[in-house]
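What follows is a set of notes on a single structure, which appears directly below.
First chain written, first letter: the chains are A, B and C, and each begins at residue 1.
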Amino acid sequence: MDAIFLQILNGLDKGAAYALIALGLTLVFGTLGIVNFAHGAIFMLGAFCAVAFNKLLTLSTKVEDTGVTLFKAYKETPYLKIWFPEAGPVLIDFSVPLSIVMAIPVMLLIGYVMERGLIKHFYKRPHAEQILVTFGLAIVIQEVVKAYFGANPIPQSAPSLMSGSASVGSWIGLGENVVYPWWRLIYLGFSGAVVFAVFAFLKYTTYGMVVRAGMRDRETVGLLGIDIERRFTIVFALATVVAGLAGVMYTPVLPPDFHMGMDFLVLSFVVVVVGGMGSLGGAVLAGFLLGLVQSFASMTEVTAILPGIDQIIIYLVAVFILLVLPRGLMGRAGVMDD
Amino acid sequence: MSNLVLHLDDVQKNFGGLRALSDVNLAVEEGTTHAIIGPNGAGKSTLLNVCVGRLKPDAGSVTFDGQELTGMLPHEIAQIGVARVFQTPEIFPDMTLLENVMLPAFSRRDGAFKFNALSKLSSQSEIRGEAEHILEDVGLKEQMMLEAGSLSRGDKRRLELGMCLILKPRLLLLDEPTAGMSRHDTNSTIDLLKKIKSRGMTKVIIEHDMHVVFSLADKVSVLARGQIIASGLPEDVREDPKVKEAYLGGTA
Amino acid sequence: MPIWLEPFGANYPDLLQKFAIYGIFAIGFNILFGLTGYLSFGHAAFLGIGSYAAVWSFKLLTMNAIPAMFFAVIFAGGLAFIIGFLSLRRSGIYFSILTLAFAQMSYKLAYSVLTPLTNGETGLQLRQTDPRIIDSLFVEAGAGLPSTNLFGLKMSGYPGFYFCAVILIIGFFISMRVFRSPFGLMLKGIKSNQNRMNYTGLNTRPYMLTAFVISGMYAGLAGGLLAITDPLAGAERMQWTASGEVVLMTVLGGVGTLIGPVLGAGLIKYFENIFSAFNAHVLTEMFSFLPDAVVEVLVPIFGLFVGGGWHLTLGLLFVVVIIFLPGGLMEGFNKLFGLLRKSGAQIRGKRTPQDQPGDGG
């Protein structure tokens, strides 16, 4: 029972990342009609925002190491620790959540530039070309990151306050021994908050209403005299921010490296298609669902019977669902129908 | 007793609470041109989809030459002899006119699938000859090496008709063939249809342009609010008070 | 020797082999994407299975290239049939994603699940102790690993290339026949207007599946040849990035044209070879005629795009091509010739038909 509960958390956790990426993908697809193969790279950029912010905070200089008395030794010490001996270390410790502050404007800018600079020229071009150009863009982004940050994963840590484990068992009466990392719970909560915020935006603001209308019928919205192109830019930027934030907060869970974008992208596409293209709710639901499926499939009991099943289970489920439910779980008619 | 090519018998079709079609009866005799007219929203699209087997009637039956069409895939109905012209001409825009017409010829000769990857297209002289002939029939022979996408709408319609004719279908279904056309194009389409008429092909035309209907039809059925309110010879239908009311009386 | 000719040095036969092999891969891919317009991101799976099948043929039966190729094509065709059958139940983007999912699945299976068959990360290799049933009937086992051969002719270096080149030529001619056949016309019809295809009485499903399997077989053949020229089969060949590579080659060269994909494959392999060989030292030498200060600036900048940065260059090139020249090199050539013809006619004082007034152009 304990194991199952933990796997559920694990699955929701992983699923949260999928859901956020899939949410952005669906927003862009539903509003702009573009299948954005660079979306995974955006997730990766978010993660590297955290890396960059951390590097910024830990800009160091050599300071005499008073601890070594035999000879003059020097220690690399971050400027922040020197200038703010008390607040400095705390800031550095909290670099991951703090990098959200930097990530939001950076991702907005990236999204804006991407859309205005490249994507908008492809609205009227055939789908295949949209896929191809965003695919090429993904490669370029990936390679730039690799050139700048190197090819190795750069682990980031969660703030020490939150890097321990919570005894989740005691919350639901399963006993003290059932523990789960705090940060992952925070990630789950954070993701939930972001999803909620996006849905709230779409439902309760006029802007959001226009976006939803545009997702249903772009042409009519345009005819109503609403500047649809500006909406596109904003939606794209929003999707970029969502994916970026998902990336930022995920860094303590998975050390960022330059090709993580593509790995997540493949899975996210699967999620979007299972959820039903064009359905935001479907994307989120499918994200969590597939995260759960993958998590359960990796339980030792399961891999004992079917070795390696966790590697391929998502794809199997996706294939099955696509063949049985042509529009995915919650897809709407008219979106990419055959 | 003439052969009934298409027969709809007490067909009903509901969409949720909406009665799209009720008690629809249609008997299309071989070699005739039967027009179905009606104001917008009368249920013409539904009727057409029922005729080609895309929609299954909730009650009643649809038979083509005695066969049930429901549930058949589009290529299957084409293979048994039903050809269809769409509201917006459906052609192959990035292929030449000649290629456009050759494809259906292959379909007729070889069936729904044939793996003839190793024979040369250029050596298919019989099919090519047929294709050129049909293009001449529809008046497009001059442009046969042009890309189909560059044609005017009227010419695209001719091409589409040519593509249907080369199939030598038992039944030709025309879905608002003159929709969105200029007077000129409409008239040339009518002329072309009259020309084919003489070959004895059975045709069902869905239209709301009266002029087209009365130039071509042997028999007319009027559809309004999902029901056939009149059916018979064009002149009789024209005078029918119910028909006048349906068109002029503000029924949506 | 100068860097531009480096590939033509010691590495030459190797490069040529790769060029021929990837040319074959691209030709097959073009039959699917170029004619029907269906974009598959999963063809690397067929490349991989071709390699694995070939190596198993070497291990179990004989080092001869012919059975290896045969099995490579058969197994790839079989896998393509299964994947194609399932993926083609959908079209457009759903289809692309399904192929991607299947490719990833195959990769994971090869990497960590079916390791007895594939030897996972390390890759399937030849061993002294391999059964080689057929070979053992004819040939005495010598010391060391035997090499792949075509009835005695060793398949490495130049002979290996000639063999691949012959296969490339045969493959090219087959694709030419397909393009110019009624079957090819049907495939173009599918791309042009699938709805009309259906209502014309043509069942698009078997046409699509056949095209898919044919392109899969080409990929398998390429995979087999990779193993023939270098008897090793690794799981990374099945990664979706390898699928991406063949898409790049085909698009760069010119989708839907006959020689385009081959050109694209050749160019990419050539530049891959050159660009990967660049490093700071070579760049500095190259720019040595410029003042030092300028060199200091140029070398790091250019350095980003070469050596390890080859993929960046490739990606940028790809994006640029899609934006401005989606028809690839072939489109570029056509436009160039068009321009030349026009200017040539103008020089001669003739008016080309396009210059007539009132023409739509």
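We take it that a residue touches a chain if its C-beta (ideal position, glycine included) is under 8 Å from a C-beta of that chain, and two chains touch if they have at least 3 such contacts.
Because the structure is a prediction, the values reported are computed rather than measured.
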For this session: Taking all protein C-alpha atoms shown, work out their mean, then name the chain whose own C-alpha mean is nearest to it.
Result: C
Problem set entry | Most distant chain from subunit C, judged by the mean position of its C-alpha atoms | B
Seminar exercise, completed: The distance between the C-alpha centres of subunit A and subunit C, rounded to whole Å, is 33
For this session: Go ahead and note the Å separation of the Cα centroids belonging to subunit B and subunit C.
Result: 45
Exercise. If you average the CA atoms of subunit A and of subunit B, how many Å lie between those two points?
Worked result: 52
For this session: Spell out the part of subunit A that touches subunit C in their complex, as residue ranges.
Result: 35, 118, 121, 125, 127-129, 131-133, 135-140, 142-144, 146-147, 151, 262, 266, 269-270, 273, 277, 307-308, 311-312, 315-316, 318-319, 322-323, 326, 336, 338
Seminar exercise, completed: In the complex, the residues of subunit C that touch subunit B are 177-178, 180-186, 188-189, 191-193, 195-204, 206-207, 210, 214
Problem set entry | Contacting residues of subunit C [partner subunit A, same complex] | 37, 39, 86, 89-94, 96-98, 100-102, 104-105, 108-109, 111-114, 240-241, 244, 247, 251, 304, 308-309, 311-312, 314-316, 318-319, 322-323, 326
Seminar exercise, completed: Residue set of subunit B touching subunit C in the complex reads 73-75, 78-79, 83-84, 90-95, 99, 102-104, 106-108, 110-122, 124, 163, 167
